[in-house]
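Each of the next two complexes has chain A plus one more chain, namely chain B in the first and chain C in the second.
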Partner chain A sequence: MAPPRPPDRFPAGPRYRSYLLFGMGSALMLPLGFELLCALWALASGDAAWREFQAGLRHPLRIAGHAVAGVWLTWVALRFFRLFPKTQPFRLGPFRRPPDWLLVGGLYGVFAAASLALGLWLAGRIGGLG
Partner chain B sequence: MRGLLLRLEPLIWGLFGGGMFVGALLLPAWCLVAGVLLPLGLLPAAEFPILWEHLYYQLSQPLGRAVAWSAVALPLWAGAHQARHLVTDFGGLRWDGLVGGLCYAAAALGSLLAAFAVLAL
Partner chain C sequence: MAEHTKIIAVTRFDPERDDAPRSQEYEVPVQEDWKVLEALNYIKDHLDPTLSHRWSCRMAVCGSCGMNVNGEPKLTCREPLSNYGERVEVAPLANFPVVRDLVVELEGFLEKLGALKPWIMLAKQRAPEEGATRQSPAELADFKQFSMCINCMLCYAACPVVANEPDFLGPAALATAHRYNLDSRDEGAAQRAEIMRGEGGVFSCSYANECAEVCPKNVDPAGAIQQAKLANVLSWARSFVVRRRAAS
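This part shows the complex of A and B:
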């Protein structure tokens, strides 16, 4: 059996660009997950470790990296939620699936609310989980 | 290794799907607020450094621990799965077992360390 081959015009063809940008943006979750792990570890280690972790966030390269990652992941998130209805069955038990615009609009709303809540919480403006 | 990954595929897909959802919801705000706006002082009247007591108190509650673990561990699995498939897209299946094994081992190790961290809160 012949080994699998990439399709014609991969990866430069226009139809593959958004697919690859989505894949690369999603792969950013791996290093960012480890950054969150470092944040959590610093938080568990006490005030001094937490301040040291945050001092690292002031480095210009990290700020630039976070800016790029933030914009890229926002696009990834919006595309992920826009594609979500296509992954769902047409019937959910006895019920028909809600229309796509309702699912996508709801997910966009949840995304906006979660981003706002997390931003306000990190900025110390709202309490939270306790 | 590929045989093991195939057997674990349903579990990996569950973690990947959950990770995409959690990561898509939380990581853009983390990057833009904690990574850009707060260090640059662009949020008026916001504290930076973020007060340790503010986060510690809330994340050390039972619900806070669960949210903190999910926010750290699940995106690791989403990123690991996407990284594995990017390598497959460009390099074929030749290294899939090794790359997949390394990616998921990193995610599993990170998940374990996150569990230790939330228990230490």
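This part shows the complex of A and C:
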């Protein structure tokens, strides 16, 4: 008997690209998670530490990293929205599962609303930032 | 019917003569409406009777003719040759040991499937006088999609987790187990739970979704596995709460 061979063009073929891209995103999550911890640490260490942390965020490399992470997270969210409905049971208690378009539409709605709120907050239009 | 020739490059492997599979090309006079399987049957009937490949129903029902066509897992009896160019590569399904030429070994899959007890289990055998177990159309709709599997193994050939984790029970077997768990007549979910949650079970799936993409019967094993993950987490949590309550 000949041993099994992996799927053709695995892992570089187009069929597996989005799956691998999704998995490789953990390489972005790690520094982002670390940065979040640093932010919390700076916040807890007083005004001077927090201002220093904020100044560090203006470094071009950090800005580029955040831009890449933003694009990647958006793509992950959209992939999740597409794949979400079928992960839900056909029946939720006594009710049938809502149609896929409603679930996906709801997720897009929440995503758009959250992005808008975040954008307005960062622009200083709502909340206390700015 | 118009006829022209195509090169069909077929993987050949004779375990008694070859160290490893190799490719052999055949020039086949094909007709416009042929499926890939018809080209293979032509080779077997007219060019090379030593070619080994599996097929039976020729109508996408028996699930025996799955092969990789130009690298993609396909049912060859359903796949039009006209979808491809002048050279078509036909190989055995990926992720399975090869017995000979295009024939793969399915023993491993059958063992995994059997371990998941893919049949209706009852807590207590019903007496004949109790009559038939009834099921409403709504109850049937809860699992019908997952019962359409023809065990063609295309999903295993596409799955990157199967490629990397030989112990993974795999898309079709797990989808079938979930199908029985959803069946209103079945009482065996608890007996399947341990193996479904265990090593190589539903939580080994990283939701690449490739199985759903290639499944010719729209079974959507990826969807079944994600639903099974949720069901298993909920039943585990329920059993934890019940145990805590019983202890207090």
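As a convention for this text, the second predicted complex is superposed on the first by the 114 of 130 C-alpha atoms of A that agree within 3 Å, B and C clash if a C-alpha of one lies under 4 Å from a C-alpha of the other, contacts with A are read in each partner's own complex, and residues count from 1 in each chain.
One rule holds in what follows: contacts are C-beta pairs under 8 Å (C-beta built on N, C-alpha and C of every residue); 3 or more make two chains touch, one makes a residue touch a chain.
Nothing here was measured: the structure is a model prediction, and the numbers come from that model.
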Contacts of A:32 with chain B and chain C, given as first, second, both or neither: first
Partner chain in contact with A:122 - chain B first, chain C second, else both or neither: first
Touching partner for A:54 - first (chain B), second (chain C), both, neither: first
Partner chain in contact with A:23 - chain B first, chain C second, else both or neither: both
Which superposed partner A:6 touches (first chain B, second chain C, both, neither): both
Partner chain(s) touched by A:90 [first = chain B, second = chain C, both, neither]: second
Shared contact residues on chain A - chain B and chain C: 3-4, 6, 10-11, 23
Complex interface listing, chain B residues touching chain A: 19-21, 23-40, 43, 46-59, 61, 63-64, 67-68, 71-73, 75-76, 78-80, 82-83, 85-86, 89-90, 92-93, 103, 106-107, 110, 113-114, 117-118, 120-121
Residues of chain C defined as touching chain A within the complex: 13, 15, 18, 20-21, 68, 71-73, 91, 94-99, 105, 141-143, 157-160, 163, 182, 206-210, 212-213, 220, 222-223, 226-227, 229-231
Touch list for chain A against partner chain B, complex: 3-4, 6, 10-11, 20, 23-24, 26-34, 36-37, 40-41, 43-47, 50-51, 54-55, 57-58, 62-63, 65-67, 69-71, 73-74, 76-77, 80-81, 110-111, 114-116, 118-119, 122-125, 127-130
Touching residues on chain A, where the partner in the complex is chain C: 1-11, 13, 15-16, 19, 23, 83, 86-91
